[in-house]
Structures are given as structure tokens and as C-alpha cells.
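Each structure below is given as C-alpha cells.
The two complexes that follow have chain A in common; it is paired with chain B in the first and with chain C in the second.
Take a look at the complex of A and B:
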């Protein structure tokens, strides 16, 4: 057996015989297994629940009786975002952003029903998922198991003894890294098994799962290098532990919480209320369809009459109220789109800035890559919002078109006075059946990999930094003896 | 106390201990070695050599340079000038080759507390490239005088003397041409010291060159072929105990030098 493998094997033996290390390892493995099971179960349950709610919302929309089309515009429709299979590994922002949107005319609502709003504050700290266990708790266990791997050898004198046996510092550190790496591999095992299960049983994309596994492997490999290097460089085991705990707290707890705040301060977002007020003011500026003196709608009316070659709206072959509703919706949707694009662009800048903090924290780099690969990042949520808005616009304009074409202008104007007119404006419910159901199209893998690329590049940077730190530590050890 | 069969030891099983072609070479050779640590000169023109089958005891007061001499021979420290060779190899430039031919017994023997004596020896021997049978390890531990009932216990409960016996057993098993000892009998009782000296005699008979750093003049006079007195980084006096020296006078002189 080579010296490197001997050193690693001996380290494993020492870890096996340490009650503290055994307990830490057992607890994390148990936690990791529980996280994998509960996370898969939670994702399956949530996805099934959302599918059931979606089917129920579709059925209720389709089951509406004969109504005026504009009543249906305000009756609205719920759409739910299905959860990608890999959300069981890393649910990302799903718990915070909400998964359902109520679609209605003249309004663009926010998503609702995030898990965090329905659970305790504990969920804000971090849900028990394989991703959380590996991102936050995995490094902590590696720190507790490995902080003394070299420092204790130095303190007890075995390091000098090993050197006297002709063991090179580089071989020693590589052997120790192999041993702590073996522990990291053990920590990864439940998560890898859960990824395998998601690929085999839940049709998660194999390439996405493999890339996720590679990212988490690189992350833990960095921590292995950091633990061994700190243990080699520090004056004693206690100093190594303090330094590593500081690094862990700073990079996995503090930075991931500070980075979004800094990004928010650098690129502030408007609140929902501010946006609503701004949109309302813009709408007033653009025009009011109920005001006969409004310049925009006066021009629209003139253009419509000219297009149909008539002189009054009563002579139009279509219901002018329906056309007005379509024009009003077009204007509000365009305005919503502009505000949404602005918000989305600010959020993207925030995201890019927050990911940039990955240069200071490997946990941020990993989170960014992990959420993107799992399809649970903010881009995935934005994609859902965009598709929901396209769907909302299509439904609302379809109903407005029905008002224009299936309801007469005369009936529409007298429906509140004439019961017969009121009956006639309630059109056949088969029209609601004809409205297509909402189908969310998840981003293709290539797009997700592209979104994950900055995070993956930062992880690679950390891995290389870890290797260089190990080499530096090996030189320090060689010089110190 | 008898040494194990050489065929069961590292020298008997590993071919890697051959010396460079230009034999005969001194196992330990130091010529005009100067070594500074920071602004302090620790070794100042130190010259000594230890022949195969010879025990050399190096005595000196605190700070005389005894431990530095061992560190330089182990390649842990590089001399500022002068020549150091272990079986013909420069321990600083050819550390691996030199260390493969050297066994080292520190004053405070460092072992893995969670391992037994057997496991410690097997591990360190494996790192040195040898995989002795359990019987060979037992024979070496017998030679070192470690009680049988203690051998499969974790060494965390061992006394200093017991730890030294484990390290001695390792040195015996490695059977290398050079043995460096740092205060080897400091933790041993008189009986164990006598046993240890007998063990050194066995190693000497096999041709091992032994350099022993010690404060124990009486012990050194008992087993060493030569005793060198180190002061201010160089040998200031060398005596041959076998030639009928007056140990008491030597002790008196040595004590004065240590205090100086």
C-alpha cells in the first residue's frame, strides 16, 4: 500500500475510533437521509397538490354557467407552477416566491402561497433538504472531524516522527485530504442516492443531476482542502478549529444573508404598492376609456369607425365595448409588461451581484449553480410569471373578443335595464371550455446550465484556490519541521 | 533480551537500504558543520562520525546543540556550511534516501493514542515500506521489554517508559544502518535502562551505527564506545570509556561544563 493510502487508511481508523467523530458523522448521515426522504415526499406532495388545484381551477372555470364575457374576465383563473423533479433536492426560491397566481383582467397579480408564509420562522433559516444539509451542515461536520488532522499530529509529535520516516509533507497532506475526502464522499452518499432516485423514478434530467452532483462534490472538496490546510497552517488544533468555524460562519451563514441585502440596496426594487400607484398614474396619463374627451380613446374611436366605414359605434358590426375592453387591456398589459420587465431586469442585476459574492463565499456560488440546475432559481420563477402573463393576456383578450363578437352593442348597453338583453349577453358556457388550459414549460437544460455557469465557474475557482492553499500548507509544514 | 531474527526485520525484507556504490561509507559523517537559527549560531564547526557497529554518546548542557545535531542529521534543518552525510546521502538534499536508512527515537515518543502498540508499530513500519508479521512485532516488543498484556491496549494509557519501549521496538524492527536516539533512557527505570543498554549492544553487534544524545553520563559510559562533549556547537572533548577513564572525574568535569 502506498504511503498516501496508508495515511488515509490510518486517518479513517482514527476517525472510526473517535466517539465524537462517529457521533457527528452518524447524525449528519441520519439528517441527510431524513432530508432526502422528506424532501422527495414533500416535493411529490406539493406537486400533486398543485396539479390537483390546477385541475380543480380548470374545472371550475370550465364549469361556469352562461355569463357575460366580461364577468368571466373578472371571475379570473388560478394557475399553479408545477415543481421540477430536482426541486426535491434543492427547492431554491420556491418556498419564498409562491407557486400560484390569480389571473384576471386589468390586473397583474403577484404569486402567492409560498411555504414560508405558511410555516414557522424556522423555514426561513433553511428547509431540511439535501441541498441545505450539504451546503451548511456538511462543511461543519468536515470541520469538526478534520480540524485536528494535522494540528494534533504536530501537537503530539507524531508529525515529526512521520517526517523522520521519510514521509514528504505533500504526501502527508494528500493522504489526510484523501481521508477527509472519504468522509465528504460518505456525507454526499444519501444526496447522490436521492438524485439517482429522482432520475430513475421522477424523470429528472440525468445531465442536470450529474452536474448537481459535480457542483456539490467540488464544494465539499474545497472544504476538505480548507480543513486540511487550516489544520496544517494553524499554530494548534484549537486555533485551526476557531479559524475554520469563523470561515464556516462567515461564508455559509453570514455572507449568504448579507449578499442579497447589499444587492437590494445597490439595485432597489419598487414595492407592490409603489408599482400599483405608478401604473395607475401612467394609465391616467395614457387615457380613460370612460371619458368621451380623452384624446387617446377619441382617436381610437375615430380610427375604428373609419376602419369599418361607419359614423357611429351603434353601426359597427361588432360590439364597440368589447373593442374598448381589448384596447384597454392592450394598454394596461403593455404597461404591466414594461414595469415587469423593469422589475425583472433589476432582479437580474441583483441576482448577478449576489452571485458575484460567490467570489467571497463558495456557499453562494454553490447555491446559485444548484438552484439554476434544479430549475428553482429566480429565473425559473420569472419564467413562470412571464408564461402566466402571456396566458392571462390571451384569456382576457379572448373573452374581450367574445364580448365584441358574440354580444351586441345594444344588448351590452341595456343589459342592466332589459332582462331579455341581460339574458342574451350571457353567452354559451362552451366558450369557457374552449379556453386552453395553462401548461408551464420549464427551461430546457441547456438554458439552466447557462444560468448555472457563473456559479459553477466560481466553484471551480474555489476548488483551485483550495488546492493552492493545500500546496502552500505543504510547504509550510515542510519548512516548519 | 534477544533481538529478533534479521530476516523478519526491515533490513532483512527490504532491498531499499543499500548504500551508494562508492562504499565504504561512514553511516554518520559531519564535517565542519555550521548551522544558524535566526541570528543565533547553534552549531559552530561540528565534526563527528559514527562508524558501523559503534555507539556514540553526545553529551552537553542545555542549548549546546545536541537536538539541533539530530535535527540536522534527520534533514529537518539545513546547515549553513559544512558537510553532513548519512550513509553517503545528504539528509537535507536527499532526505528520503537518508531517512529510509535512519531510525529515530525522540525523547517524548509520539504515538497514536487511539491505536494499540501493535497497530502503531505496524502503521509506522508500513510507512517505512515494511510489513512485519505480528510474530516479528511481538519479538521486537519482547526485545524492548513491553509486557505482553499491554500490547493490544490503546497506548493512550501508556507511561512514558512504555511508549519508549514501543519506539525502541520499531527501531529494532526497522533494522536500519543508523539509529538516532534523543535522551532514550530518560523515562526508564534502572532495570529498563539496563535492558535498553543490552538491546543497544545487540544492535551494535549487528553493525548499526548509533548516535545517542543524552544527559546520562553514567549510562553513556556504560554502553557507548565514544562520548563526545558538545559545547557552543562543537565537540570540545571526546573520550573512550573502554580505555579505563575515570567516570567520576569525567562526571565532575562534565557537570562543570554543563553549568558553564
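Take a look at the complex of A and C:
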């Protein structure tokens, strides 16, 4: 044990003396701090802005004057996706997915105004967030600091000296790994502090933060193992550096970009325009309310009349136009649901395939787990879209019901000719207050962990692979000595 | 010539030379293939929507043409627009994966339609696309560093530096030959797939030459960085570490900091503000006195002042008037939003003068017409098209001319 500690201690001393290592460490810690502060500020600001817009939209909805309920169906509502606290650590896809949706009758609009479309192409260089710093830059700093840890000893001949002192190869590697691991812990520190802040000050879930910390620890632990093993196996320090830089470029820069292309080619998506046309076509096929002889709506009329035991729509105790609107909305919403489910299942398949490339790249595995735990993955956005659609359907049908119950059929029919009827169809604005406000329900932790499970499993795989590589390196060193 | 052949032989004998060159060739070829496939897909989508769109218009024409109500025709007919990728787009896919390149609009208020998003998988868009511009910006310098970091130091470390200095007729031309050979071969490996891709996609020769020149300049710049670092006379190892840190700073860290600075210096939130405001303006139209609405509309369109009168509670004239006024009400917000986006873009271009990686991306995306400016230009064309649609429908609506099935074919068509 003391030999191990001595080796680690000695390595730290060397690192402390090296100007390059000090500069690299300082740079990364500074970047981590900048990333943490700006990311938290940006999260708070965006979330506050969205909350403000949401409050404004709610107030505007409630403040509408007396109107025909169908006017309110078209006036619609805006909902905004709040940002989870952990988005300050890993904003995930937030910049890509719009945060505002306009909800109205008969139409399903997209979520708009994502940051990426509002930014220059700089946004595609990668955003400087605590997650990005650890995922991309962290391993590189470990490579710079650690590539020579054993190779240099071999080049200068001190390795044989250690052997003469009776230090086992395993102890040597463990000591070196402990030293580089200490550096990794230092790199993690700003991220852990920012996670701690998010838990204490911004009510981020503690277990989510702990799991995130565990994932990033496992990721950096893999890189520590890789760096030490490469330094032990490579012919010289330069080969170790080249091999590690190559591994980093391949797994952290190249693979994450190639994987999406393969996933996109495997499962293509329809454009919004095509989905839109397809839904219109399906609607006409199911029931065309413009067509007086349409079979679906004729049957609907007959069934309605039979239910109320009357022979004409004028005799109904409710406004038939309202009922018609409800039936129409029911059909469209069902189609929206089907098409959205299809798109989302395709995206899920794409995502699963892309995450599968985590077998070739620990960075992909970590990114997937990290976004899922932070609640900023595509699932989180899909959840918002689903809840927005449920809300849309509820308010539209509520308003259609008002049309059926609070507006008479006679008034509704003559509202454009008779000013008195036009006045009567404008119902009391207190009804708008009765519409509940939208509240987004974030995924419970269990669901997020489930979404993060593939990424976490892959990280575990990489961690084990790292340990095995270290053991292999120890055997090689033992033979060479 | 024989000297050069000799150098080539020496160079290729190095352990790292051939793998690096081959890797460059493979990466460049793969990125060109991916880019071409993506652009072909985008062309396919644009071609694919035409019959669907025609059929959709046909069904609207069938029932709305029977009634002959121009208001219905304008309300229910969606008009397709699309943004055909430029021949160069395969080089830099840019924002085309996150912004729609096909969009339908109606003659209703435009601001509620033009900001619609495309459905795309955000998780896949997040890491950025694997295109040739990416290979050039990020990977080519790394491979160049691998080839050049030990140019002088390896000779020094092998103890041949002095010998070389004595034997060479001209030291200067010796090193120039070596540098030109290494950087030149790498550039060749990078450019050959690009030239093939440019030929396949029908890129004009002058544009392709410009991109080639930009790529050469970028690699030249990195060559100079490598030479500058080697002047410190460090070991090969220290050179490699210094150059890799320079690469990290120039391609990842500094652009990230620049994005942070630009986006926080120029906040852009008018997008949401303008859609919220536009909705208020449009829907307030239902409650405002109709005469006031028509008056305001006629200030914009005096040509309809003799035909603006109507009777009854609802008329399409009034409906389309307040739709238009809803757009007009947010004119200043639209301008502010656009100014914000353009300011962000302008500052990015300025950053490009300092940061070669950013400058390169800016230049190539501009040539490929896949940047923010191209996205704004597409929106401008949609605005012009929308104005043409309104001009097309207004005579029917205001003169109360029946809109028959044959009239649908007369509507303005998008020219891609």
C-alpha cells in the first residue's frame, strides 16, 4: 500500500512541476468554471423567460373578451416547455427543440424558436457547458497529462530501477492510475460543485445529480485506465500520445457525428409538409364535413338525432354545430396522435441505433445517459409535445362543448345576419378563466433512469474494458521488465 | 524531380505517413459521400412532395371550386415552397437539417406560419453533421500535425540534423521540399474526393476552385503554426503536445467561448414576442369595429377602396384585411428579430477574421448557401411569395369574382 501511495505521490509531484500539465489543468478548470456559471445563468434566464411568456399567454387567454367559443378555438393558446434544473449541467437537445408551441383547433403546430435556428453556425461547434467540457475536453487533458506516465520512465530507464526495488508491475500501474485518477477527480470538482449548487439552490433531484456524477466518474475512470495502459504498452511516449489522441479524435469527435448519419439513413423521417398532406387526405377519407353527402357525418347526424329522440337538428336540446365541431376535432386529434406516434417511434429507433454506437465510443454512451438523467433528451421533449397535445385537445373540446351547450343552434346559424344573434353567441368571458392552465409534468426519476439505462450499461462496459486493458498492460510491463 | 522522388520515398517509409494519408483520403471520401447522399435525399424530398401537393390542391379545388367562393379557396389552399440545395451544399450541410427546406403557406397572416419548424431528430442533430467542411476544419489539421510535428525534431533526435545541414545544396529548399511534400500530399488526399463530389453535383468550376483555395489556405495556416512551434526547438513529443493544444483551442474552446459571448451580448427573444403579439393583433381584429379595420387596410391597399364595402356580420374582405393587418402590426418586431439574427451572424463573421476555424466554416457555409443568411434569404422569398399570393386572391375576394376550379391553376407558383 505504501509503495502504491509513494508512486502516486511521486507522479503528482512531477505533474505539479510540469508547466504543460499545470497550464492544461488550469485551462480546463477555468473553462469548467466559465461553463458552469454561464450555463446556470443561461438556464435560469431561459426558464424565467419561458415562465414569463407562459404567464403572459395565460393572462391573455383569460383576458379575452366575450366571444363565440369557436373564435377561442382559433385564438388558441401558447404553452412553453420549462427547463429542468439539471439542464444547467447538460442542456442536451434544448437548444435544438423549440420551446414554444401554439395550440389551436384542427391543427398541430410545431414547437418553435429553438436557440440553434436563432444562432449562427457557431452553435454547431458545440456549446460550452459543464457536460461538454467533461465529455470532450476532460479526456484530452488526461491524455496530455498522463501519456508519458510510464513511457517516460521506460525511456529514461527508471522503470528497471523500480523493478530492482521489488515493485510489482500491478502496483506500479495502480499507483500511476491513482495519480491520474486524482487529476480526473480535480477535473470533476467544478462539475460536482455545480451539481451540488443545482441540488441545493435550484431543487434539482439529488438522486439524478448523484447518478450524473457517477456516470461522469465512470467515463473519466475509463480514460484514466486507457491513458495509463497506452503509456505502458506503447513503444515510446510519442507513440502513446499519438495513439491516445487518435482514440480521442475517433471516439469523441468522429464517431458521434458518423453514428447519426447511419441512424438517419436507416430510418428516414417524413417532413412536416408530407405528414400534413397525409393527415388532410386521411381526414377527407374518414369524413369530409364540407361534403353534405358525407357518409361518416351523415351517420353521426343520424346517431345524434336518435340519441336525443328527435327528427331534426333544430329540435336538439344542444347546438348541433358544437357537436359537429367536437366530432371533427375527435377525428383530427386521433390522426395527429397516430402520426405523432409513428414519428416518435421512428425517432426512438434512430436514437436506439445511434446509442448503440456507444459500443464504439464511450462519449456517445455518456452523452446518452447524461441527457436522459438531466431530462434534456428527446424523450423529455416528446413528453412535452405529448402533454401539449393532451392539453390542446382538452381545451379545444371544452370550447366546442361550450359551443354546443351555451350557444343555441338558431343563434349560431344566423350570427352573421342578425346582430342580436351575433351578440348572444359571444359568451361570457368567465368561461376562459375556467380553462385550467398548462403545467408540464417532468418525467419521474425512475423513467429517466430507465431512459439512461442503455447509456449507463455501455459506460459500465467501457469501465470494465478499461480495467481489463490495465491488467493486460500490467502483464506486458511485467514481461518487459 | 529526382530529389522530390527521393523525398517522397523517404517520407512514405515513415510509420505514420501512409496511414495518415490514407485516413485523410477515406475520411474525405466518406464525408463527400455522406454529403452527396444527404443532398440527394433533400432533392428527393422536394421532388416527392410535388405530386402530393398537386393532389392536395386538386381536392381543395374540386370542392371549393364548385362553391366558387374565393375566400374558401384562399383559406383552404396551402401553397408549397421549397429551398433547393445549391450544388455546393454537399460540402457543408449547415443549418439545413434543423431548419425546414420545404414549407407550405396560406394567404392568411404569415407570421404565424413562417416560423414553423421541421420534424427532425434533435438528438441526432446535436453532435453536428459529418460533412466535408467538418473533416476539413477539425480532422485535416490533426492529421497535418501528425505529419509535421517532428519534421525538424526527428532529424535532430536521430542525430542527422547536422549532417543534413552540411550535405544539402540549399537547406531552405530541402525543408521547403519536405514541407510542401507532406502538406501537399495531405491536401491532395483531402481535395480529390471533393473534386469528384463537385463534379458529380455539378458545382461551377470557379466555386469549386474557390473552395479548393480556401482549403489550401487553411492547411497552409496550420502548416505555418506547425513551423512556428518547431522553432522553439522542443522535442517531437513537446511539439505534438503544443500543437494538439493549439488545435483544441482553435477548433473547440475559442469558438465555444465566442458563441457564449455573442449569444449573451445579443439576446434574441423577439421571435416568441412577435408570434404572441401577432396572434393578439389578428384576433383583436374580430372585436374591432369593421370600418376601422377596413380603413387601416385601405391605407396599405388603396387600390381596393371602391370595392371594400360589404354587408353582414362576416365577409372575407374583412377577414383577409385583418389577417394582413395582424402581420403589419408586428412589422417592427419582425425587423428587430431579423436584426438580432443578422447581428449574431455578423459577429460570427467578425470572429472568423480572428479564428481560422470559424472563418473557414463561415466562408464555406456561405459558398454552400447553408448558413443563417441562407435561411433568412429563404424566408424572404417566402414573404415575397406570400405577398404574390395575396395579390392573386385579393381581386377575386374584393371584386367578389367567383373562384372556379380552373382558377386554382392560375395561382402563383413557387420557383425553386
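Convention: the second predicted complex is superposed on the first by the 480 of 481 C-alpha atoms of A that agree within 3 Å, B and C clash if a C-alpha of one lies under 4 Å from a C-alpha of the other, contacts with A are read in each partner's own complex, and residues count from 1 in each chain.
Operating definition for what follows: a residue touches a chain if its C-beta (ideal position, glycine included) is under 8 Å from a C-beta of that chain, and two chains touch if they have at least 3 such contacts.
As the structure is a computational prediction, the values presented were derived from the model and not from experiment.
Enquirer: With the two structures overlaid on chain A, would chain B and chain C clash, or do they fit side by side?
Expert: Once both complexes are aligned on chain A, chain B and chain C fit side by side.
Enquirer: Return first, second, both or neither, reflecting whether A:166 touches chain B, chain C, both chains, or no partner chain.
Expert: first
Enquirer: I'd like to know which partner A:452 touches here: chain B for first, chain C for second, both or neither.
Expert: Neither partner.
Enquirer: Specify the partner with more touching residues on chain A, choosing between chain B and chain C.
Expert: Larger number of chain A residues touched: C.
Enquirer: Under the stated touch criterion, which partner chain does A:57 make contact with: chain B (first), chain C (second), both, or neither?
Expert: second
Enquirer: Which holds for A:76: it touches chain B only (first), chain C only (second), both, or neither?
Expert: second
Enquirer: According to the stated criteria, A:470 is in contact with first (chain B), second (chain C), both, or neither; which is it?
Expert: neither
Enquirer: Which partner does A:238 reach: the first (chain B), the second (chain C), both, or neither?
Expert: After superposing on A, A:238 lies in contact with chain C but is clear of chain B.
Enquirer: Who does A:422 touch here: chain B (first), chain C (second), both, or neither?
Expert: The answer is second: A:422 touches chain C but not chain B.
Enquirer: Once you lay one complex on the other using chain A, what is the shortest C-alpha distance from chain B to chain C, in Å?
Expert: Superposition on chain A places chain B and chain C at a least C-alpha distance of 14 Å.
Enquirer: So in the complex, the part of chain B that touches chain A is made up of which residues?
Expert: 74, 76, 95-96, 99-100, 102, 104, 106, 108-115, 119, 123-124, 126-128
Enquirer: Looking at the complex, which residues from chain A come into contact with chain B?
Expert: Residues 1, 3, 6-7, 10, 13-14, 17-18, 156-168, 481 of chain A touch chain B in their complex.
Enquirer: Considering only the defined contacts, which chain A positions touch chain C in the complex?
Expert: Within the complex, chain A touches chain C at residues 20, 23-24, 27, 31, 34, 38, 42, 49, 53, 56-57, 60, 64-65, 67, 71, 74-76, 78, 92-93, 96-98, 100, 102, 109-128, 132, 136-137, 140, 144, 148, 237-238, 241-242, 245, 249, 253-254, 256-261, 263-265, 268-278, 280-281, 284, 288, 290-291, 343, 347, 350-351, 354, 367, 371, 377-378, 381, 415-417, 419, 422.
Enquirer: Please output the residues of chain C touching chain A within their complex, sorted ascending.
Expert: Interface residues on the chain C side: 16, 27, 30, 34, 37-38, 41, 45, 48-49, 52-53, 55-56, 59, 63, 78, 80, 94-95, 98-100, 102-104, 112, 115-130, 134, 138-139, 142, 146, 150, 236-238, 240-242, 244-245, 248, 251-253, 255-260, 262-264, 268-269, 271-272, 275-276, 279-280, 283, 286-287, 312-314, 340-341, 344-345, 347-348, 351, 357-358, 361-362, 365, 371-372, 375.
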